[in-house]
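These notes concern the structure reproduced below.
So that you can tell them apart, the chains are marked A, B and C in the order they are listed, and the count of residues begins at 1 in each.
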Amino acid sequence: MKTVLRTTAMAAVVSVAAFGTAQAQDLTVVSWGGAYTASQQKAYHDPYMKMNPGVNIINDDSAAEGLAKLRAQVESGNVTWDLVDMVASSAITACDEGLAMEFDPDEWLAPAPDGTPASKDFFSGTLTPGGTNCFIPQIVYSTTFGYRTDMLDNKPTSIADVFDLEKFPGKRSLEKNVANGNLEWALIADGVPADKVYEVLSTPEGVDRAFAKLDTIKDEVVWWTKGAQPPQLLADGEVVMASAYNGRLFSAIAEKDQPIAMMWDYQVFDLDGWVVPVGTKNLEAVKEYLYFATDTQRLADQAKYISYGPARYSSAPLVGKHADLGIDMKPHMPTDPANAKTTLNLDYVWWADHREELNERFNAWLAQ
Amino acid sequence: MADTTMTTADGIPLKVSLRKALMRQKMRALMLVAPLFFFLFITFVMPILDMLFRSVDNSIVPDILPRTVLALEEWDPDVVDVPPEAAFEAMVKDIQEGYEAKTIGRVGRRLNFENPGMSSLFRKSGRRTKKINEAPYKEALIAIDDRWGESQTWRVIKKLSPKYTASYFLQAVDMQETVDGEITWQPEEYQVYLNLFWRTLVMSGIITILTIILGYPVAYLLATLPLRTSNLLMILVLLPFWTSLLVRTTSWIALLQTQGILNDLFVLVGLVDDDDRLQMIHNQFGTIVAMTHILLPFMILPLYSVMKTIPPSYMRAARSMGANPALAFVRVYMPNTVSGVGAGSILVFILAIGYYITPALVGGRTGTFISNYIATYISGAAQNWGLAAALGIILLALVLVLYLLYDKIVGIDNMKLG
Amino acid sequence: MSLPAYAGPGETAWYYTYRAICGLIFTFLIVPIFVIIPLSFNAEPYFTFTPEMLAFDPEGYSLKWYAEFFTDTSWRNAVINSFIIAICATLISTTLGTVAALGLSQSAMPYRTAMMAMMISPMIVPLIISAAGMYFFYTRIGLGSTHLGVILAHAALGTPFVVITTTATMVGFDRSLIRASNNLGADGITTFFKVIVPLILPGVISGALFAFITSFDEVVVVLFVGSVEQRTIPWKMFSGIREEIRPTILAVATLLVCISICLLTTLELLRRRNERMRGLSPG
């Protein structure tokens, strides 16, 4: 028994010692995990750490809970995160509640190679969603549909097909998040013109109508919470179609060669980017990292690994081929004319205002 | 009067001396328990008290809107619809200060739980009240948004002015306090928690009954077999008990998936068609099967220890008096095992109603428990700590009632492990 | 329960039916534990048996998921974290729990039942509630997202097991042994280490094992109180299942099953030793 205790004690000491040797400055970067974090790792983190051996970037995959956990950290004054990846509507809320730092883009962000200041080089208006000044957009992504090519008799072509259980029987997967297309798609499938969607959703009758439409497929839906889930559910054959971030579907189709195809009808465009938590302990290091990671070349580099559009005008011409597969990335971008015949821009300002109340309704609906 | 009290050798009355000795023993026992007591108090009890506090805490409103709360005290909504100019001035000052401190968004969020739209009202007003610096404040605020002219807006703020609130608890049981102070049900499309508590209880009940049905025969077999054989078979019960919860959940996913082992097997033997595989996961079925498996040892072990104490001669006596085996079993053996069934049932039920991990992984939409909603309200997109805390306290109260019941039936001291 | 000689045909039929039912229930108990072991050697990234595997084609089997587990740094960190946290938590809960059990088992202990109820409560309160409370409270006092926070939380969850198993051993403890030891001139400390400890050791160790496995297997509290730097094996498994299900998880699961078999064996040996020391017949 003594030997056992001694070995245990030694193991503890050794592992604590191993743990304590991390001398480098750690930056905790919160992002979405899976293929997306991998693309950030290759395009931003790895080259940055190579240039700055003193910095160690730790990936935390809890961006899906980013806003909630950030609130807890800021409220307690114990902020352990240094940079958080968020969609625009969450960034608006974070800024309004004093959770994210305000900044001057031309001071924090690199100008374009031709000298255009950052404030002019990011897509217009994207640095100041809803009049806030906390958001640094990285990408334009879309939430759209993927389906199993071998499990459906017909090929779904429109958003209405998602709601058509007769022609397209089988389970489908949607995001367990009210603010990412579900209600909009329900209304469009129900005949509301895309440009009237938010107008209709602003009325109680419109909300009822959207939920009534979702009711028609409620029993056939498997709900996902993390971006990596829908490609997995499709690959496992658990569902026949699923809403997903377009880049995740791209990696399942192009990199992993799964029998999945895209259905781009009314893909929902949204912005995703960084916010810096108020009270980060490594502000200077974060600013240095951000200056690098959001410059023209880095944003364009990310598109070599995942099919999201960089959020700078000057990055667009630099988008080229996939780093490993060598295929041209342009036709896989959500903004490619062939894919973007019908689109909907997520109204993130509207969602920042209505997320809370509709979430409550959505949760009640899910439980009923 | 003669002194008749007995004394010890050094002349101290025996009673006193004994009391002192007992006192010393008590103190020693307490000293031994004290470190753990304080440790648990800080690491375990305080967090739960903190949660209790959160479930009624409403200090955010009086803290961020102090002037408004004060100004609204005088206002009687039944007499005048909209509060006087002083309240508008107070509100403008509070918003300006809150906007500077970046706290106005937080109070908007709090009020939004009660009255959808408040969040956007404060957001919008926060940015625009900067320019207001002189009377009339009322007109200026209404110019920013019409809702400042509505009685409803101010009634909600007045209602939420106190430092403490019952609103989270009301919401946790699908009720609400209207601005007129009436307690009513939530609108139907927002009613959810009673239903969820009920579902949690029903599913836990089903799981408990299943563990009795499956556990009873096995425990009986183990209790009546020769010790050597039963010890061997006991390993089949103890191994699942000692195996990681996540391992067991993972293997149920592998077994129950649409493209999983069981479905593959069914297709292979022709029980189901390949295109028509059974949906056994992401629903109540998945949760019930996996949890029954996970909790079964907790039923078998207490049953076994009770059955072990029943002398086999009882059954033989019943048989020799002419009872057939079934009758002897039902009338003689089973009544003796009631305490074991009771202990196992309460243990399994208590564990089941608080389950989170397994329902989260295999439960889908219909197979999730109240715990899953508590987790969502803590760190999900619909974060609402007050509501999460209130739901948690109600669940805790339920468990404590069962715990007391368990203490009555089995006695906490008699809890055994392994 | 053997079949009596006077059993009729009906009884005999029932006897075998009953045994068959029990066999099925044992299968239900044990198959899910073992089914993942062959699956963890799957050459394909699926959670089910491929035709190659069923044909016992060596091509269908592979060790690559084990290789992935042993080479991946985040899994390695998870293993290190799991052990650091579980060992530290076990040391705390075993020390505090054993000392408290000594006090609780004294007849002079005031408010015995109430105290016992409080000491056992971490085991009874649903984990989600403990985790939620700890999340709020620990974040507030600066223990959120730290190893110390997770260790303290796990220590609290582990103490009931130590208290229960140690008090159980103390029940059969003959107090005259202490008096005898004192009579023979031993002081309190000598008595504690030479007389009390050897006798209650089996209870303490099995309590410690329970505390260890509680921490080692715990995921809810880690999810809430910890953050990325505290991720443990169950944390990785949980997020793995929720995201990309890879057979690496099955490889880890297989290793964990091996660990639980070791623990079970240790406990069984301890139980026998305990019974021998009390002069009871060995099982």
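FYI, a contact is a pair of C-beta atoms (placed from the backbone, for glycine too) under 8 Å apart; a residue touches a chain by one contact, two chains touch by 3 or more.
None of these values were measured; they are calculated from a predicted model.
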Out of every possible chain pairing, name the one holding the most C-beta contact pairs.
B-C
Based on mean C-alpha positions, which chain is nearest the centroid of every protein C-alpha shown?
B
Provide the C-alpha centroid distance between chain A and chain C, rounded to the nearest whole angstrom.
38
List the centre-to-centre spacing of chain B and chain C in whole Å, with centres computed as mean CA coordinates.
23
Rounded Å distance between chain A and chain B, as computed from the means of their C-alpha atoms:
32
When you check chain C against every other chain, which residues touch at least two of them?
46-47, 135-136, 140, 242, 245
Hunt down the residues of chain A that sit against at least two other chains at once, touch-wise.
69, 72, 236
Mind pulling the chain B residues that touch 2 or more other chains?
257, 259, 378-379
Could you list, by residue number, the parts of chain B that touch chain C in their complex?
22, 25-26, 28-33, 35-37, 39-40, 43-51, 54, 214, 217-218, 220-221, 224-225, 227, 231, 233, 235-240, 242-255, 257, 259-261, 264, 293, 296-297, 325, 350, 353-357, 360-361, 371, 374-375, 378-379, 385, 388-389, 392, 395-396, 399, 403, 407, 412-413, 415-418
Under the definition above, what is the set of chain A residues touching chain C in their complex?
1, 8, 11-12, 15-16, 18-19, 28, 33-34, 58-62, 69, 72-73, 75-78, 80, 225-226, 228-229, 232, 236
For chain C, which residues count as touching chain B in their complex?
1, 11, 14, 18-19, 21-22, 25-26, 28-30, 32-33, 35-36, 39, 46-49, 92, 96-97, 99-100, 102-104, 106, 108-110, 113, 115-122, 124-130, 132-138, 140, 152-153, 155-156, 159, 161, 163-165, 167-168, 206, 210, 213, 216-217, 219-220, 224, 234, 237-238, 241-242, 245, 249-250, 253, 256-257, 260-261, 263-264, 267, 271, 283
Could you please specify the touching residues of chain C with respect to chain A in the complex?
46-47, 80, 83-84, 87-88, 135-136, 139-140, 142, 144-145, 201, 205, 227-229, 239, 242-245
Can you list the chain B residues touching chain A in their complex?
101-106, 108-109, 112-113, 116-117, 119-120, 123, 126-127, 189-192, 195-196, 257-259, 279, 282, 364-365, 373, 376, 378-383
